[in-house]
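Remarks on the structure that follows.
A, B and C are the chain letters, set down in written order, and residue numbers restart from 1 in every chain.
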Amino acid sequence: MFRLRPEARATVRVTVCGEAVLVPEGASAAAAMLLVGPGAARETAVSGARRLPYCMMGVCFDCLAEIDGVANRQACMVPVREGMVIAPQRGARKIDPEAA
Amino acid sequence: MSVVDVAVIGAGPAGMAAATEAAAHGLSVVVIDEQPAPGGQIWRGVEAAQGVAALGADYAAGRERAAALRSAPVALECGATLWHLDDDGTLSFLQHGRTRRLVARRIILATGAMERPVPIPGWTLPGVMTAGAAQILLKTASVVPEGPVVLAGQGPLLWLVAQQLIAAGAPPVALLETRRAGVMQTAVAHAGALLRGWKAVAKGLAMMRAVRQAGVRVVRGVSGLRAVGEGMVAQVTWEGGALAARTLLLHEGVIPNVQVSLALGLAHAWDDSQLCWKPEVDRFGATSSHLVAIAGDGAGIGGWQAAEARGRLAGLDAAYRLGHLDAVGRDHAATHLLAAEARALAIRPFLDALYRPAPEMLVPTDPETIVCRCEEVTAGRVRDAAKLGATGPNQAKAYLRCGMGPCQGRLCGPTVAALIADVRGVPVSSVGTYRPRAPYKPLTVAELADG
Amino acid sequence: MTARAHDALVVGGGLVGASIAWGLLRRGLSAALLDEGDVAFRASRGNFALVWVQGKGDGQPAYTRWTRLSASEWPGLRDMLAADTGIETELQQPGGMHLCFSEAEIELRIALLERMRAASGNHGYDWRLVTGAELRDMLPGVGPKVIGATYTPYDGHVNSLKLLHALHRGFVSGGGAYLPYARVTSARAAPHDFVVETQVGSFSAPRVVLAAGLGNRDLAPLFGLSAPVLPNKGQVLVTERTRHVLPLPTVCVRQTGEGTVMLGDSKEDKGLDLSQSPDVMAAIARRSVDSFPWIGELNIVRAWSALRVMSADGFPIYEQSRTCPGAFVANCHSGVTLAAAHALHLAPMIAAGELDPMLAPFTAGRFDVPAAA
């Protein structure tokens, strides 16, 4: 889907779908998802259709992902952090009513 | 609660210029931007960017602006998302998970532009993105699309992105241009604009030549674009052609981001040459609200140089309105800025005419085309709602849920309105827009409860 | 230019007008439904979608009976609309909960519901106080600040936007004329003979039904009627879609068929002002988190404000004009709950030309009665 340029200084290690990915400082979680490709696609809450980021500027909300255990975060607006765990958002958010 | 003279929303070219200008006249200024660093979209991530050379001279100019903003006596709040603005000047914004409040005597909105939605069949498939998205990925993550990469649409940005991808070692295989307008006829019809904006034209021509010389196949007059694939895009087809594609980058120009200006109830007018709604502003960006000015592409597409001039004009006007400058001083300082703005805008009538989107891009013909990406509402259903009696997007929204998703109608508003206008046989300007409301961007219930 | 003739004109295309208009069509009348344009007050697009019985009609048993009648006939309305239009309104009637955060609130609630039971005669009024483990069982994740809730089995909720859509579609496919941008500019009224001027032309009929919500206030006098209604603002927050958690609606929190959670129940007297206020929104958010802590993590995707149509005592106004019989006024703040009563009972009364005595307590004359000496 996307790949790092050879000149890129990719120093931040994150996990996407269980896979370790290196991305440059300042990259967004959405960029890390795109490096992994279709496996990182979310499934919409409406029909389960698969989506990956479209606009990368916070307008389309197709980049929603579970980041560090928090569901439905706009991945294109979240800068990567060492150790970040990114998982695809599969449908509507799951709620554990007793956990809060 | 803290009170400030000027709150600037958006740290792109217009916002940075407005903030530094206002501060230069002794006003206290807060800049609020949702991104982690200043730059807006054109200068996205410019402070941290690697491999800037691939991105061109315009991008490098942004580095200098960001530095100027940082050294100006301005409070810069990054990662801050405005979610409500009261008509008494109270701003509510979310930052680091907390709601913060601020009162400003004057607010300058500089939220810029967004890509015009390109509702072709299959546009929601993974791998289909805007050309601007690819540019952002290049700038902020040093990441390029894997091939085959196809660009489709029209407008200067499409050619720029092609050139930037080539320079970054990821050349597209093809550029499918949807432009219908003949260059010669448009040139003749807008000869004045062409002459005044000849520098921009020369730059554009050089860009196009470079792209062709790099071996990118250019197809002209493309219509009937479709993205095809199962679970992700595999092919792009058009009338008379098809190509394998793993990444499809779409672009049909940019339109002002009017979400906040509409939510504030400011007066807007339909611009038929840019086919978009624009807030009504005077030459200083003042709006129908005595508190709010709008600078930059958010008031009408003009490019970054016009945005800077407009930002400075809004900053000047704020200084005048808040008593730090008299009218004579303001008007005197404005003269060269208005001239700079006019120079930057000179080419626009030509570009607007040359790159006017085809009707099928504004009004999808295939009823199965998704129009509202969030709620997955198709063009056919919007047409049915219009036939039932929906006279505008708000009634269509009530019938169909289009516009009720997290994007709050940003991506579907223009298309829903155009479809209704088409069915009812009325001008799109009479159909109106959604009425966005706060929160302008989502926040959690806990974050709201806290504030 | 001759006026277009119908058996009935219904002014106002919201839930009240559309229910009545659809009901009139089922009685074999022809009707025109006159509506405003895309942007209008439209309480029908801003409501909490409850089909609510609990607590309604305190001090006015006729209102309790009217509400219970509507709730009991709602399944029939749902089935008829689904058969007519293919649109499922997603009615659910599992009963409803009113959450209480203090002993004082519980006491007030118990007193209210006991009054309702006493006034219900042999209709009965089934209610109970739910606390502790049973409360947590019925309302998963209910917060520790909720010390109890009152439950009645009559309540429920529905997809009110689909209801409006279905009523409009059913009306139009049944031969009704739906006219947007048809704001009434003037009218000539005589017994069983009305001509109404609108922005899209003239209409004539022997029957007129005023169902224009807040607009009825100015329209009613043209027909020898009175509709002293005032706006009351409510703000609502709507979350993103979530897996289903809440099986029962509560007054301030309900989960919709799509999985979104609606949070609400603010009340402000601000005239026709529709602005949102962060303070009120924050208060709704706090109360929601107090009610169900798990709500805290949900994203609010949209919020809005809308104007309830309130009479001075909160009860509906139904009346036929005495000077111009054939003209009727219908106002209420529960257009969703009363949709079945409006479509299946009020519309037939209007078609027959006479309101049933059960609606006698709802004439506007009650507002003129001086306070008892």
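Criterion: a residue touches a chain if its C-beta (ideal position, glycine included) is under 8 Å from a C-beta of that chain, and two chains touch if they have at least 3 such contacts.
Model, not experiment: these values are computed from the prediction.
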Inset, instruction - Pick the chain whose C-alpha centre of mass, unweighted, sits closest to the average of all protein C-alpha coordinates shown. - result: B
Legend entry - Selected interface, A-C versus A-B, where C-beta contact pairs are more numerous: A-B
Legend entry - Centroid spacing, where centroids are CA-atom means, of chain B and chain C in whole angstrom: 41
Legend entry - Separation of mean Cα positions, chain B and chain A [Å, integer]: 23
Inset, instruction - Using mean C-alpha positions as chain centres, tell me how far chain A is from chain C in Å, no decimals. - result: 43
Inset, instruction - List, in ascending order, every residue of chain C touching at least 2 other chains. - result: 240, 296-299
Legend entry - Junction residues of chain A, two or more chains touched: 46
Legend entry - Multi-partner residues of chain B (at least 2 other chains): 405-406
Inset, instruction - Show which residues of chain B lie in contact with chain A when the two form their complex. - result: 34-37, 41, 44-45, 48-51, 114-115, 124-130, 132-133, 136-138, 140-146, 168-170, 231-232, 246-247, 257, 373-376, 405-407, 410-411, 441
Legend entry - Touch list for chain A against partner chain C, complex: 45-46, 70-72, 91-100
Legend entry - chain A-facing residues of chain C, complex: 140-141, 240-243, 245, 259, 292-294, 296-299
Inset, instruction - Flag every residue of chain C that touches chain B in the complex, lowest number first. - result: 35, 37-39, 44-45, 161, 164-165, 168-169, 172, 178, 180-181, 237-240, 258, 263, 275-278, 281-282, 285-286, 288-289, 295-305
Inset, instruction - Could you please specify the touching residues of chain B with respect to chain C in the complex? - result: 84, 86-87, 90, 92, 99, 101, 388-395, 398-399, 401, 404-406, 408, 431-432, 435, 437-439, 442-446, 448-451
